[in-house]
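Before anything else, here is the set of structures, which you'll find just below.
One chain, chain A, links the two complexes that follow: it is found with chain B in the first and with chain C in the second.
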Partner chain A sequence: MARPVAPSSETTSPHQPQVVLGAVTTGLLNTSEPLPLDAARQALALVPGVEADWRQYPVEQVVSPDLYLGLDCRLAVSSGSPPRIIGTARARAVLTAGHFLQGSARVDVLLGASKRRLPWSHYMAHTGVAEAINKARPADIVTGFLEDRPAKSILDLGNTGAHVMSLLDEVPQIDRRARLKTQTHRLLWAALVQEDVEPDGHVEAGDDGVFRVQMSMPSELLPDFMEMCEILALHHWLLAALKNAFDRSSRTGPSAERELEAALSYLGHVWNPKAHLPHAMRWFWDALEDAAQLSWEWQTTLTRVRDKVSLLTRKAIEETLLREVL
Partner chain B sequence: MVTYTSSQAAEPPAPVFSEHHRDMAVKQLSLSHLSVEVGHFYMEDLEGDEEPILTQFERVKPWLEAAKASVISGDSKPRVSTCFLIDDYFQSWPDAPEIMERLLRLSMRAGVTIDYVARESACARRKDGFAVAELLATRLLEEPEPDHDTGGRPPTIATGWLSNGRPARQATILNAMEAHTWEAPLEYGKRNHSIYVDVELWRDDAEPGADREDALSRRQYSCPFLAAVWQLVRLGLLRKDGIPALEVTDFDGEWKAEWSHFPDIIKVNPNAAPFYAYQSLSIMPQNFLPIETAVRNIVDHFVFERDVMAKLDRRAQQENVSVPDVISQRMSHHFLPGGK
Partner chain C sequence: MMVFASSDKGGTGRSVTSCNLAYRLSLLGYDVAYLDFDFGSPTAGAIFEISSLERGTAEGGLHSYILGRVAKPMRVDIRAVTERNDMKTRPPGSGKLMLYPGDDGGAEFALTKPHIKKAIALFEQVEREFDVCIVDLSAGRSSALDMSLQAVSPNVRPRSADPVRWLLFHRWTTQHVIAASGLLFGTNGIISCAANAGFGASEFTDLVRTIRTAVPDSTAFGTNAVPEQEAWLRESDDILKGLAKTRHLGQDLLAGTTPLEPMLLWREQVILDVDVKRNLAKQATTDAFDKLAHKVINSHAWEGF
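For the complex of A and B:
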C-alpha cells in the first residue's frame, strides 16, 4: 500500500532572512562603441542553458542570470564580535545602453538558524542565503556592513560584483578601446526586512564617494529595492564620470576637446533614472531627487560641457580664420 | 543625510507600458512520484553470459515491489516509472540490437518491467551534439573554506576535481630533526570527524591552449559525473532553456545497430508512468556504492535553477506531495548484497 504522506520530515527552519546586504559595482564596458543588443544578450548569458533577460524601451538593458558564490566569512558589526556566516551570495551582471556595466551582488542573511556549519547540501538548497551561526542584532549588521571597513575574512560583496564584471572581459565583441577615462564606483545597500512596516529609508553620500542606501521594508519589496539601488548606482556613476571628464578638460589643454567629445558621445544621451524604476520605489526616488537633485546636477553639468565644446569650437574657428587672414 | 518615509497614498495605477523579455519559459513536466533505476551493468557484463543478468533482475524484483509500496503519493494514485541506463560511454561495440533484445527479455522474465532506456553517452553529449554534461559542469559550486571565502573568489571548478573539504597536506622540511609535517584532511561540513571525499569529474586530453569546443570534445567525463547528470535529469532539474536536458522519445519498433544512433531516452513501455519524477531510487549491486557516494557529492554542489525548482515545488504542493529541499535527499539507493 502506498502511503499518502511522508514520514515527518526533519525540522525545517524558517527561511526568512532578517537582513539583506548588497553592493553594486558600476563601470564602463571597455569597448569603443556600445555593444549591440544581440551581442549583449549573448555576452550576458553567463550560465549555459539560461538566457539573459532584456528590455529595449526606453533604454536597452540586459540582465544576466544569477551566479552564486560560496561564503564562509565574518560580517562586520558596529558592536560586539563579528558573526560568522556560511552560505552563498548571488550576483548578476547588468548592462545598460550597451555600455554601462554593473556587477550587482546580494546576500540574504538568516539569523539564528543553526549553531555550526552544516553539510554543504543544506546551503545549496537555499541559494542566495547565508546563515549566521553566532548571535547578532540586525541593526548592527546593517551599520557594520555600510561602514565598509575592509578587513581580513570580512564579507566583500563589492569584489563579488567586480568579479562578475570581469567575466565579460573575454567576450569577443569587446575591443578594449574605450575612449573615455572613467573609474569604477561602488554603492552599498542594506535592507532590514520587517513584514509589517511601511518602507522607510535613506541615502548617505560618504566622504569616500560611496552612496550608502538603507531601508526597512517587507520582503516582497526586496527585488524592487535592489533594482532601484542599481539605478541609483548607475546614475551616480554617470554623473561622476561626466563631472570628471569636465574637470579633466580644464586641466589638459589641447586634448580638452577630445575628452569632452568622448564624454558627450558616451554619456550625453543616457540620463533617464525613471526608465526602469519599479513603481513601488517611485516615492523614494522622488524624495531623493527633491533633496539631492541629481537630475538638476546632471543637466547643469551637461550644459557646461556643451557650452565648453561650443566655446572651444568657436575659438578653433576664429584661430583658423585669423591664420587665413594673416 | 536625508531621510524619507514612504507616504503611500493610493494604489499605483496599472502601468500603461510594460516590457520584459524573459525567454526562459520553464516547461511543466508530467511527473511520477518515483523513478526507479532497476539495476546496472557494465557493458562487458551485458555482452557476457545471460545467467548473471537474469540473476540481478531477479534480485531487483522484490525491492522494486517494496519501492512501489512505499511511494509517497499525496492525494493521487502512486505513479512509479522504471528506467535503465546503458553503459555505452566507456566502451561500446556495434551489437546494440542484440543487447537490447537480451536486456528486455531477461528483465521481463525476472518480472521487472523496464519503462525507459537511456544511454550514458547522452549524459555527456546529446544525439544532436549538445554538450549536456557542461550544464552540470558549469553549475557546480565549490564549498567555501571556513572563515576564508568572503565572496571575491571565482566560483569555477577548473581542475576537474570536486571535494567536500581540504585535502591532507604533506611537506618535506629541510630539517633533520623534523623530516615531515602532515596535516590531516578536513571535511568542511563534518560532524565531529571528517569523511573527506575528492571526486574526479573529468580528464582533459586536449593540448593546453586548445579552443573550448575542441577541449570539450576531447574531455572524458567520469562515471560518477555522468551518473550525477542522470540523477538530475530524472529529477527534472537539469534543463536547457527551461526544457529537460534529455527528452524522451517513443520507441519506433526498431533498435539501431549503433548506440550513437539511439535517441537519448527511449520509452519502451507505452503504458509507462512519466519518466521524470519527484524522487528517485536506484537499485544496483553494492560494488557501485563508492560511485554513488561520489554522485551524491557532485549533486550536493549543484546550483539549481530557481524557476525550475519553484515550478516543481508548486506542483508538488498542489499534489500534496512532500519533497525534500535538499536535492540529494530526493535520491535514494538500494545496494544489492553480494557481487554483481
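For the complex of A and C:
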C-alpha cells in the first residue's frame, strides 16, 4: 500500500540533477459517480504488467505506475538563450476518492553533463532525467519555467499531465455524465536541489489561477515535495470547484438545486489535506494554511452551500403548503 | 450542450447572430464557450471587438489545435480582453463568456481520423466546463462541418450525453431559402453527411432548426410606409413562406427570426442593452436574441416545436 519513493535513476546517475521541474494537472473524472476502488486500480494500471499503487485510508487513493515520455525540447529561461534538453519526463496519474484525477509530471534537469546530443540509449539509462546541452543558470530555469509562457518547442509539463489524464478516457466505467461543471487546473512547481540547505520555499497564486510552488531542498525530499504539490493542487482545485458551484447556484439560468446537490455529493466529504501529507512537508503546509487559510475558506464555503440548501428546502416546503391551502 | 451554427452562404449573419446568442446566454447565467470553426475567415474576435484577434490568433488557435500543432487551443475571457467598454464588466448573476479563436490564415484541410479525434477531445473538454458551447462553422460545406458531424455522431457520443443542436442560418430571400434547403437536404448536404457519420436521417433532422436572419418589416421602407408597400411586403412574405414550406424549411423547423437591424448592417457587433437604451438598436432585436437563447437552452421547447 505504499507509494514508490526513490526514483531508481538517481542512484545510478553520476551527477545529481540541479533543478527539478514539475506540473500537476487536476480535474474531475468524467463520471456520474466515483469509480469504485477495484475499478480504479484496473483503470490506473497504465503500464502492462505493473499494478497501480493504492491506499484505502483515510481517503481512497490510487497511483499509476510511472510512465516515461521522451523529450527533446527547450527550456524557457528568464534570461539568456533557452537551453536544449534531451531525455525523459516521468508522469503518473493519481485518482483520489474515485473522482479526482491528477496528471503529475516531473523532469530532473542535469546541467553540464555533455555538450552534444548523445545516442538515445544514453538517455534511456537514466529515465526521468533530461540533460541540458547548453549552459544555463538553475535559478533562470526555475523562473523561466514558472512564468509558463507556452511557445513552440518549449517544455510544457502541464500538457504532459493532461496527456496522462486523457489515457483514462477509454475506461468503460467513464459514462461522461459528471453533473458538476468544472475546469481543469494546473499547478507548477520547481525545486533547486541543494544538499546542504534547510528546505525553504514559497507558493504564489497567479492571476491566471495557476499556483506556483518554488523550493530549495536536498534531493532526498523531492518525492515528499512532489506529493505535497499534488495534495496542494487537489485541494486548490476542490476549493475552486466548490466556489464555482456556489456561484452558479446564484444565477437565474442553471438550476440552483441541481448545482448544490452535485457540489455536496461530489465534493462535500473529501477535504482532508493532511490525510496523505508526508511528515517532512508538514511545516510547509502549516505555513501555507497560516497565510492562505485554505481550510477556513473551504469550511465557510461549504457552510454557505449547506445553508443555501436548507433555505431552498424551506422555501419549497412553504410553497407546497401554500398551494395546498389555496 | 453543443450548438453548431451553419449557413448556406456567407453574409447571412450567422457569426454575428451566434455571437449575440452567446452573449445573451451568458447574461441569462449560463457559462458559454464560443468556438470559431470558421477556419477560412475567423471573425468572432472582430464581432466581440478584440483587436488582437480581429482576424483570428497569430498562433495556437483552434485550427492549429485540430491539425495537432498545439496540445491545447488558445482561449480568452471575452470580457477581459474586449475593447467594448460596456461589455467589460460581468453583470451579477451572469455566466462566463469564453472565446476559442481560430487562426489567422487558417484554411481548409483534408479531413483525417486524427482531426476527428481532436475534435471529440475538444468538445468533451469544453462541455465539462460550459453549459453551452457554440461552434461557428464556415458557410456551406467544409471539412469543419464534416468533422463536427463525425465528432458528435452516435457512434462516438454516448446517448446519455448532453443534447446537440444544429442551427441553420439563412436570409429571408428566395435565393437564400433555396440555397439553405439545398445545403440541408441536397446531395452531399448536411443530412446526407450526417447519415454517413452514423446518424439516422430523421434522428438528425430532429436536431436541426432554422433561423431566418435580417427579416424586414414595413419599417424597412422608412417611417412613412404607404399601405401599398405594406401590402406588397405581406405578399412577398407569404410567397417566401410558401417557398420555405415546399423546401421543407417551414414553421416546424423554425427556431426563430431576427429582425433587420441597421446597427448590425453597418457594423457586425454584439448588441448590448445600453444600445437599446440609447435608441441605437431596436428592442425587437435583443428580444429576438433572448427568445432564441431561451429556445436553444430549453429541451422542452426544442422537442415541442
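Just so it is clear, the second predicted complex is superposed on the first by the 310 of 326 C-alpha atoms of A that agree within 3 Å, B and C clash if a C-alpha of one lies under 4 Å from a C-alpha of the other, contacts with A are read in each partner's own complex, and residues count from 1 in each chain.
Heads up, the rule we're going with is that a contact is a pair of C-beta atoms (placed from the backbone, for glycine too) under 8 Å apart; a residue touches a chain by one contact, two chains touch by 3 or more.
Keep in mind it's a predicted model, so treat the numbers as computed, not measured.
With the two structures aligned on chain A, chain B fits next to chain C without clashing. Contacts of A:H163 after superposition: both chain B and chain C are touched.
After overlaying the two complexes on the shared chain, residue contacts for A:N30 are found with chain C alone; chain B is out of touch. Looking at the superposed arrangement, the partner reaching more residues of chain A, out of chain B and chain C, is B. Contact with chain B, but none with chain C, is seen for A:W283 once the two complexes are overlaid on the shared chain.
Once chain A of one complex is fitted onto chain A of the other, the partner contacts of A:Q183 are limited to chain C, with no touch recorded for chain B. By the touch criterion stated above, A:E198 is placed in contact with chain B alone, chain C being left untouched. When the shared chain is aligned, chain C comes close enough to touch A:R251, but chain B does not.
Once chain A of one complex is fitted onto chain A of the other, the partner contacts of A:D175 are limited to chain C, with no touch recorded for chain B. The minimum CA-CA separation between chain B and chain C in the overlaid arrangement is 6 Å, rounded to the whole angstrom. In the superposition on chain A, chain A positions 156, 159, 162-163 are in contact with chain B in one complex as well as with chain C in the other. Residues 1-6, 9, 12, 47-51, 53-57, 66-74, 84, 86, 88-89, 105, 107, 117-122, 124-127, 153-157, 159-160, 162-163, 198-204, 279-280, 282-284, 287-288, 291-292 of chain A touch chain B in their complex.
For chain C in complex with chain A, the touching residues are 25, 28-31, 59-60, 70-72, 93-95, 121, 124-125, 128-131, 158, 160-161, 297. The touching residues of chain B, when paired with chain A in their complex, are 1-8, 12, 15, 17, 19-24, 68-75, 77-78, 134-135, 138-139, 141-155, 164, 188-189, 239-241, 245, 299-306, 320-322, 324-329.
Put simply, chain A touches chain C in their complex at residues 27-28, 30, 150, 152, 156, 159, 162-163, 166, 169, 175-178, 181-184, 248, 250-254.
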